[in-house]
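What follows is a pair of complexes built around chain A, which joins chain B in one and chain C in the other.
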Partner chain A sequence: MNIEQIVFYFFAASVLLSAFMVVFIKNMVRSIFLFFVTLFSMAGLFVFALADFIAVTQLIVYVGGMLVLMIFAFLLSSKTILNKSEVKESNLLGLHHIPGLFIALLFFLILFITIYQANPDQLSWVNNSENVIQVNDNTIHFIGVNLMTRYLIPFEIISVLLMMALIGASHLARREKKI
Partner chain B sequence: MIPLAHFMLISAALFCIGLYAVLSKRNAIMILIGIEFMLNAAILNFVAFGKYDKLHMGGQLFALFAIVLAAAAVAVSLAIILNVYTYYKNIDPTVIDQLRD
Partner chain C sequence: MNFYIISILLALLLFSFVAAFALFAVYAERKIAGFIQDRLGPTENGKYGSLQTLADILKLLQKEFIIPSAADKILFSLAPIIIFISVYMGFAGLPWSAGVIPISLNIGVVYIFAIISIESIGILMAGWGSNNKYSLLGALRSVAQVISYEIPSGIAIVSAVMIAQTLDMNAIALRQGIGTPETIWFLGFWDVSHVGGIFSWHIFQAPHLIIAYAIYFIASLAECNRAPFDIPEAESELVAGFHTEYTGLRFGFIFLGEYSMMFLVGMVGVVLFLGGWNTPLPNIGALKLADWTSGIAWGIFWTFSKVLVIVGVQMWIRWTLPRVRIDHLMDLCWKVLTPLAFLCMLCSGVWRLLIM
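What follows is the complex of A and B.
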């Protein structure tokens, strides 16, 4: 077991553990901050798939932008939850959690069996493929060239959509007398 | 060299955690976090398979597009959550059950 595998499985364990704790911890402020840990470790996993640019984008967009937005929304909206946080501590796993837990476990079983039978490491285009990204490749170069040639239309559409979404969000969040 | 199946297993587990959060949480922000988990699981699969596509970079570029879409979705939905809170004084989706005034 070399150092690459050790670090990879450390990040994987950190992702899964913090995701479990996000879901099962009652205190919402703690779970939002643990969500931060999950996203950080997810960026680490992206680096191991040789997608360093995606990892940096994940850090900037999710951790920098989205999480601050979420904490603001939580602090603005959940005064009642903050006040009665001690009352709900008693029932750790209430009855209404059981159907969701059941469906999630069964869905994981389905996915596990599918992955086991698909056996993605033995696929022909994975095993003897010529254009695998090497560790010392400059992936940002390839991303930039493809973004301006092959994926130009999705890039333009997504930029217009992002602008629309941001204008719409700021319009919705504006304080008005009559909504 | 990490096997591809391990990436897929991690993303499957993360997807199921997100599914559980969406199905059983009583708070709109926690449901949003569950949706983000599911999106992140999908992005991990994109990136893991995109390693075998050096020429066209399909996986990594669509992961990038998915991150941008997730950011847009979170911005709009948090604005909606704030509006719902000013109207109902509550963001429990089981309580909010009518569209009209």
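What follows is the complex of A and C.
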């Protein structure tokens, strides 16, 4: 086993382990900080998939933005709310868990069947493709060219959507005029 | 195997550099503060008090780790490490001289920007873990400020990147001096590809980048939580902010993080706007000053001296200006710096298309 594989399995294990702990740990604040470990290790896995730009974007958007916002929401909420959720008795086979379990199982089944039928190892366009990214390629260059040519319309639509969100947010935050 | 040994050695070298710099910077800060406030600063230890910070570090190393009984022990003890490591990892992408860069990344600028933003997680961990209302308030203030000021500083960086047309730190620095791969113009009219020197720096290639650099510099002060933006640790209101409860080496790590952050943001600004490792002396006719003062060792010298000047200015500002109130701080960020930064970005686009 070479060192790349060791690092890969290390990242994969820490993603899985921390994700499980995020779900099962009782202390809410700790679990949200553990979520940071999950996201950071995910960024590491993206690097292994030669998607370094996505790894860095993941850090900026999810760790620097979303996660901090989530922590803010936790820290500003009242402590009694946090304590109440910890009191609840957890019984995996309780009656109140059945709808959740049912949905989770169905979703897993759907995912499993889709991936099984798609058979990603044997897809012809993957096996016969000629545009394979090399380790030393300047991926950001490809991303830029593709965004400005092939994916221009989705890109512009997203920018309009973001603009709408920005205007809406500033409108909501505005002080109302006294009538 | 050599590759890994070199990487580990580089990491150790960077760490020892950061630690040595912090020692030097604390001493310099106290001396500058003394000069500005018309007193002497440290004088007792060594010649001119130069061993003062070494003595301080020795004292910090011997202190006991105190964990408050109500604190969240894991978060409390992990926070200083995360704060320091996030800054320390940023140093991996910074070029010191032509080709002298720990890792040459295609996306170096974005990488540094991303890795710095992890610091705010560490600050929140410290604030929550301490279980102290002053710490929590300090952490909330700090993170609100860092996140807000990331926007103008990010846009200012983008306006420089648009002129340079690359995200590789090494290539950005390369096109601000005599070794440039493409023709560069001083203010858009004078070809300075072979003149080099101060005329070929980014802020003089496109004059609106001077404004962008000013925006970046102000925002970087806020990101380091330094005065006049030090409300997170405003001692008159919050004791010491998010690091109130820390003692000994843990406090040392937070301190180290702050001082290495000063160097890091200064160096990013130098590479993006002030010519990176390139010499400020131009070629004048037969006097080939730029050619004579270029090279690997000269590059390291110029980078280092430029960053030290910037760090000196940061300290000068800290001891000159009073602390800004929180609503003024947010007003400055959202109503002045952010629109100006967007204007700079627009100017960059027009400049790149029409003039360069």
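Going forward, the second predicted complex is superposed on the first by the 123 of 179 C-alpha atoms of A that agree within 3 Å, B and C clash if a C-alpha of one lies under 4 Å from a C-alpha of the other, contacts with A are read in each partner's own complex, and residues count from 1 in each chain.
The rule is short, and it goes like this: contacts are C-beta pairs under 8 Å (C-beta built on N, C-alpha and C of every residue); 3 or more make two chains touch, one makes a residue touch a chain.
In this text the structure is predicted, and so the values were computed from the model without any measurement.
Contacts of A:F108 after superposition on the shared chain: chain B is touched, whereas chain C is not. Once the two structures are overlaid, the count of chain A residues touched is higher for B than for its counterpart among chain B and chain C. By the document's definition of touching, of the two partners only chain C reaches A:I3; chain B does not.
Once the two complexes are laid over each other on the shared chain, residue contacts for A:V68 go to chain C alone; chain B is not touched. Legend: residue contacts after superposition of the two complexes on their common chain; A:F53 is shown touching both chain B and chain C.
Contacts of A:S77 after superposition: chain B is touched, whereas chain C is not reached. Of the two partner chains placed around the shared chain by superposition, chain B is the only one that A:P154 touches, whereas chain C remains out of contact.
Chain A residues 53, 57, 65, 72, 76, 139 lie at the interface with chain B in one structure and with chain C in the other. On the chain B side of its complex with chain A, the touching residues are 1-10, 12-21, 23-27, 29-30, 32-34, 36-37, 40, 43-44, 47-48, 50-57, 59-61, 63-65, 67-76, 78-83, 85-87, 89-91.
Residues 3, 27, 29-30, 33, 36, 40, 52-53, 56-57, 59-60, 63-65, 67-68, 71-72, 75-76, 138-141 of chain A are the ones that touch chain C when the two sit in their complex. Contact residues of chain A toward chain B in the complex are 4-5, 8, 12, 15-16, 19-20, 22-23, 28, 31-32, 35, 38-39, 42, 45-46, 48-51, 53-54, 57-58, 61-62, 65-66, 69-70, 72-74, 76-78, 80-81, 96-97, 99-101, 103-105, 107-108, 111-112, 115-116, 119-121, 125-126, 129, 131-133, 137, 139, 142-143, 146-147, 150-151, 154-155, 158, 161-162, 165-166, 168-170, 172-173, 179. Note for the complex: chain C touches chain A at residues 4, 72, 74-75, 105-107, 110-111, 113-115, 117-118, 120-121, 124-125, 127-128, 136, 139-140, 143, 147, 150, 167.
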